[in-house]
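In this document, chain identifiers A, B, C, D and E correspond to the written order of the chains, with residue numbering beginning at 1 in each.
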Amino acid sequence: MELFFQQLLNGLTIGGVYSLVALGLTLVYGILHVPNFAHGAFYMSGAFAGYYLMAKLGLNYWLAMAGAAVVVAVISMLAQRLVFHPLRNAPELHDMIAAIGILLFLEAGAQALFGADFHRMPTPYGQVVEIFGLTAPLQRLLIIAGAFGLMVLLHLFLNHTVIGSTIIAMAQNRDGAALVGIDASRVTLLVFAISGALAAIAAVLYAPINLVYPAMGNLVITKAFVIIILGGMGSFPGAIVGGLIIGMAESFGGFYVSTDYKDIIAFVLLVVILSFRPQGLFTMKGAR
Amino acid sequence: MLRFENVDLHYGSFRALSGVSLRAAPGELVVLLGANGAGKTSIFMAASGINKPSAGSIRFGDRELIGQRPAQIVESGLVHCPEGRKLFPMMSVRKNLTLGAYVHRRDKAGIQRSIDEVFGLFPILEKKQDHPAGSLSGGQQQMVAIGRALLGRPKLLLLDEPSLGLAPLIVKQVFEVIQRINQAGTTVLLAEQNAYSALAIAHRAYVIERGHITLEGDRESLLNNEAVRAAYIG
Amino acid sequence: MLEIDQLTKQFFGLTAVDAVTTRFERGQVSAIIGPNGAGKTTFFNLVAGTHKPTSGRITFKGQDVTGMRPDHVARLGIARTFQTTHLFDNASVLDNLIVGHRLRTRSGLWDVLANSKRLQEEERLCREKAREALDFVGASHIANRIAADISQEERKRVAFALALATDPELLLLDEPAGGVNPEETVGLAALIRKLVDHGKTVCLIEHKMDMIMRLADKIVVLNNGAKIAEGTPAEIRRDPHVIEAYLGTDHVAV
Amino acid sequence: MRLIEGKAGWALLAALALAFPLVAPNNYLISVATLAFIMAIAALGLNLITGYTGQFNLAHGAFMAIGAYTVGILTVDHQVPFWIAFALAGVVTGVLGYFIGLLSLRLRGHYFSIFTLCVSYILFLLIEKWESLTHGPVGIMGIPAPSGMGPLRFDTPLAQYYLVLAFLALGIWVMARIVRSLLGRSFMAVRNSDDLAEALGIDLMRTKTLSFVLSVIYAGFAGALYAGQVRFLGPDLASEAVTFDLIMFVLVGGVGTLLGPLVGTFLVTWLTQSLQFLQDYRMVVFGPLLVALIIFLPDGIVGTWLKRRARRADAVQADTRSHVAVTEAKSNA
Amino acid sequence: QDTVKIGFTGPLSGGAALYGKNVVNGIEMAIKEINAAGLEVGGKKVKLELVALDDKYSPADAAINARRLAQQHQAPVVFVPHSGGIYAMQAFNEQEKFIVMAYSSTPKITETGNKLTIRIPPTFNSYIEPFTRYEMKKFGKKVGMLPGDHEYAKNWTQLFGPAWEKAGGTIASNNPMSYNRSADFYSGVSRVLAEKPDVLFVGGPSEPTALVVKQARELGFKGGFLIMDQAKLDEMAKVTDGLGPLEGSIGVLPVSYDERVGPKTFAAAYRKAYGADKDPTTESSYNYAMTHAVAAAMKLAGTTTDASAIRAKMGEAIGKLPKETNAGEFKGVDAVGGTVVDPLVATVEGGKIRPVNLSDLMK
């Protein structure tokens, strides 16, 4: 039983991180209708920014996290301005390839700046705590709390503030949004900033129990894509539930089936679910 | 109130508007008549800042609109109810209407009042207010689009083919509503295929053909113009 | 020719088409009218196979076509146009039309690789059909223009031609004169007549009452998905239900 | 007139390709070109499903790996002669493509793309994990070079070059036939609007599946040639990086054009080879270069050229029919 | 003065870039030293120059790079640090006449009969038995296997499992994990720990291996770690925050703990060249020593171009390498082209890394 709860906890941890990354992806998808392949590189940049601020500038964990969020938000907005904005009228294939260009650039850039080495981000929360007879590293609990707290905040922001609803409006009809006076370029920038910040925060939450290195984003981004089509592209609850499903599948699959096959489990799950619901779990209308 | 002077508009190398000049005085209801592809929508798109003219000037009050962003133009009181509706399909009808008042977002009470007025004009929308706008039929969506434009509290309202795809009964209502809006003090620029109904409520009208204004006049003179009758009223 | 029996379609609880029973006769123009959201387009989608009905039966020339895929339905001889005129926007008008006859051809991959007689024959046939259809609707002069660049009325005509190229017996036209000015509407109405004179059966959705009243042999009126009246134009014009739900009292005089 | 111009162009290309080894200073350039030809064959296939049929397949590289592994496994573990294994590579990818196509082509747009991305990942994992069949991460070594046919032998770089060139030429010829036929028109109809295509009686699923299978067969043969050329296979061949490379080739050259994949493959290959001196900074330069290409030449090199030519032709016509305005041809892949 | 190009192809970008960089660093250092000291071959002064090309770990790119190095740059030797690239190059290196300097301890690369291949690291066979003995004596007979799932780990696992059983041990479970790709080792580690093993067999790149160790300790594992030679104890200690969690481990001796003259001199020079905080790895030290060996072999053979002649002198050259430059403590080359080494291993006892002689463990 204890082992079961350990896996549950673990599933929540990775699920939470996946969800945060997937949320950023889903938000940008909603606005641009383009799967942002560079998102994994944003995640990686967030980890490096956090690492640099902590290890090199000696900032504390939370400040470093905020700093990383700002840095990546800026990178993300720059990518929007310099790359996606000029491509706004181009077919979607182009945005995808351009995103790959950004990814290559950021990955190589990180390597040029920080070297190809594995880095380790320190954390003040390295202790192992006991709750209800279960041992859990504090950082893992922090990840869970952080990830889900952020999701609630984001939900409130999108659905209960005017700025939030402008984002949703933009996602549904760009021209329509412009005609009611919503400034499209500002909203797009804002979405990119949020998306980047979410990736950075996810990275800084997760990095202390993992490693920081230039290719780290690739691991997460494939999963994030699985998640957003599992949940329905552009769907907010879909990203969260999808993240949890994949997190749990990996955790329990890795434990009860085999770690060797745990990645396959997630993908096979996707194939099965999409065979029954081709539009993903959370979209009502035809998948387009 | 609105003044186009020698406006040219290009799509790529194709010239959709050439030297268009027109005006609408405060309180007027001006109709644009023209065949399909004549350039009516292009005029509206230029005014609301979605498309950028390549030459000329568009003045709204004492403000030059060319070069301004759509958001700024809406804020100044020029609201465009577009052809093809451009609603937010997954949002509820009510939320669509509310966003229409985006530039007045701080005035919560005012928004509520305006929404009630729109429901008064189109009772069906009140019933459907919690449905996603995309699930409504074409005609109902057109009503939402007009309603949303009204929530922008237009000083000048641009209506692009509001009767397109509407049932006759509803078309009649729509024209009544437009007239009422106009009588309440809003200047209206209306593009229509339905020339007879449109002229019936208009003060003045322009006829546009292949991107040129070819005729201009008040209601009577156009209704009695043989060419116009033959071409647009039938 | 087309018999509809108790046809029903529900979307997430909303009944868009509600137990409609009717029939369309060969060689006639039938019209479907009704307020916005009455379920007219949905009705077409059901007949054409785009949506599967919740219940009910559709019989075409004695054959049950209920729930068939759109391409099957098309091959059986039902062609349709869309409410928002769909064309292949980045191809020339003629290229648009050549595919139109593809469903009547049989050459596959082997023919292509071997450049078989059949393929050459069929390619010629498709081209011929396309020209023919274009001539029929009077749009030969725009054959080489890019479809995205032609006017609304030309689009409507090309859409007709595209439907015609499939060699249909029944044409379903969704608002063929929507967004077209009165002068051009008359031209389109004449074209529809011409279709019928050439042996096609037509079923159309329209809001332009003058056109419908002049053109249709029979009118079906839908409201909230259900059929509220059916009959000749003269009958419909007088029907109190129709006046109340749709036309409004003014129109009686037309 | 245009036809002759086209034919002459192709003949010129063929002559260039045939003469290249005579002027190439060394085998290095010849083997770069050989590998580029192999990639170009795969890119041609990708262009069929993506450029002409409008379905953006992200598993293309994985199918190339399937073809390669078919050859590797059959020749190394079962001593099957190369050419028989080569033919079977096409069959295996085709059959697998058929089933994967059935499963994935029901999805539309990005769902299809990302679903295929996942399929690609599953195929990669299968190759990596199914050790008894694929040798897992250890890889397959000792794959024989293509065996000789009659008097021809294919064990020198030069011979391999001409062998691959012959297959490329065949691939182009078949592709040209397909896209210019009624079949190709059906594909393009599906790309342009699937609703309309369906209403016109085109069986969407059949058409898309056919295109998918044809396209992956190209990938399968490309993979088979790759196996015979590199003679070692590891699971990395199935990674998405290969697919991304292929997409890049198609896009840089011009999507939905016959020549595009070829031009793109050669140009990008040349670029990556010339940027080698930058070593680990290579991608810092290559990334932005790619972005710039996409932004400033959105139709790719061939696409831009064709469009310019079309516009010139249009301008000439416009003079003769003064009342008809001509908008620029809209491209929408 | 002639310039002779020394070729390298390996991953310089992407996930394995660090690995490639480490190899390049070693070669680069050696070349600088050789040029500074001045090299004379057949009475002519020659200057060595490194040409390093990126192949992103891809065999096809490695093959192309090798052709380029051999033909455009006339490089007589090409260093390559991954087996895929090695296999791809072995298909033609005898024709094109260049030596494959293979950095991979996979035994197969020297079993193919290729006459122009030098395998730089020793095969790992020699480690397995002593490692097994040590851990079994110290902690018990039940091993839980948590190796990586990459090629190298597979090869190790294949030999290790039977060896452990032969020594009288049992295998609780074998659970390979993707060290390079996985985002989380939690479930894999807990799965193996559920079987209550005495010893864990782990190994992959140092840092992820350290995460596995850390995870195991967090989940309450008290036994020892038998660490595959790919991971280095000193690098692992940086991730586990000290040697504490590594107590009871056995693995290869990190270069920086090697007290023999060659490695010690090298470690000092490496830190000087690349920064005091950079610990040298065997990737660097082995390739450094072999670059020196190549230069020496050229001198002995009296040619910078004839690959077979250079290859023939490699054994002698290695044997004659001065102690200061023989950072790998190589003794020579065996019949098939593999190096002969007496590697040192290390255990972690009392919070310290202790060098041990393999032969001592076998007693």
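Throughout what follows, contacts are C-beta pairs under 8 Å (C-beta built on N, C-alpha and C of every residue); 3 or more make two chains touch, one makes a residue touch a chain.
In UniProt terms the chains read A, D = Branched-chain amino acid ABC transporter permease; B, C = ABC transporter ATP-binding protein.
Here the structure is a predicted model, which means the values were calculated and not measured.
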- request: Mind listing the chains that sit against chain B and also against chain D?
  value: A, C
Comparison of A-D and D-E (more C-beta pairs in contact): A-D
Statement: dist(centroid_CA(chain A), centroid_CA(chain D)) in Å evaluates to 32
- prompt: Taking each chain's centre as its mean C-alpha position, how far apart are chain C and chain D in Å?
  reply: 40
Field: Between chain E and chain C, distance of the C-alpha-averaged centres to the nearest whole Å
entry: 73
Task: Enumerate the residues of chain C that touch no fewer than two other chains.
output: 149
- line: Expected list for chain B, residues touching two or more other chains, is 14
- request: For chain A, jot down the residues that touch at least 2 other chains.
  value: 107-108, 111, 116, 260, 263
- request: Report the residues of chain C in contact with chain B in the complex, numbered from low to high.
  value: 11, 14, 33-38, 41, 83, 149, 151-153, 175, 178-186, 207, 209, 245-248, 250-251
- prompt: Which of the residues in chain C end up touching chain D in this complex?
  reply: 48, 50, 69-72, 74-75, 79-80, 82, 86-91, 95, 98-100, 102-103, 105, 107-109, 111-113, 115, 119, 122-123, 126, 145-146, 148-149, 162, 165-166
- request: Would you tell me which residues of chain D are touching chain A in their complex?
  value: 50, 56, 103, 106-111, 113-115, 117-119, 121-122, 125-126, 129, 240, 244, 247-248, 251, 255, 280-284, 286-291, 294-295, 298, 331-333
- line: Listed in rising order, chain E residues that touch chain D in their complex are 12-13, 17, 21, 52-54, 56-60, 63-65, 67-68, 70-72, 83-84, 87-88, 90-92, 96, 106, 108, 112, 149-151, 154-155
- line: Seen from chain B, its contact residues with chain A in the complex are 48-50, 69-71, 74-75, 79-82, 85-91, 95, 98-103, 105, 134, 148-149, 152
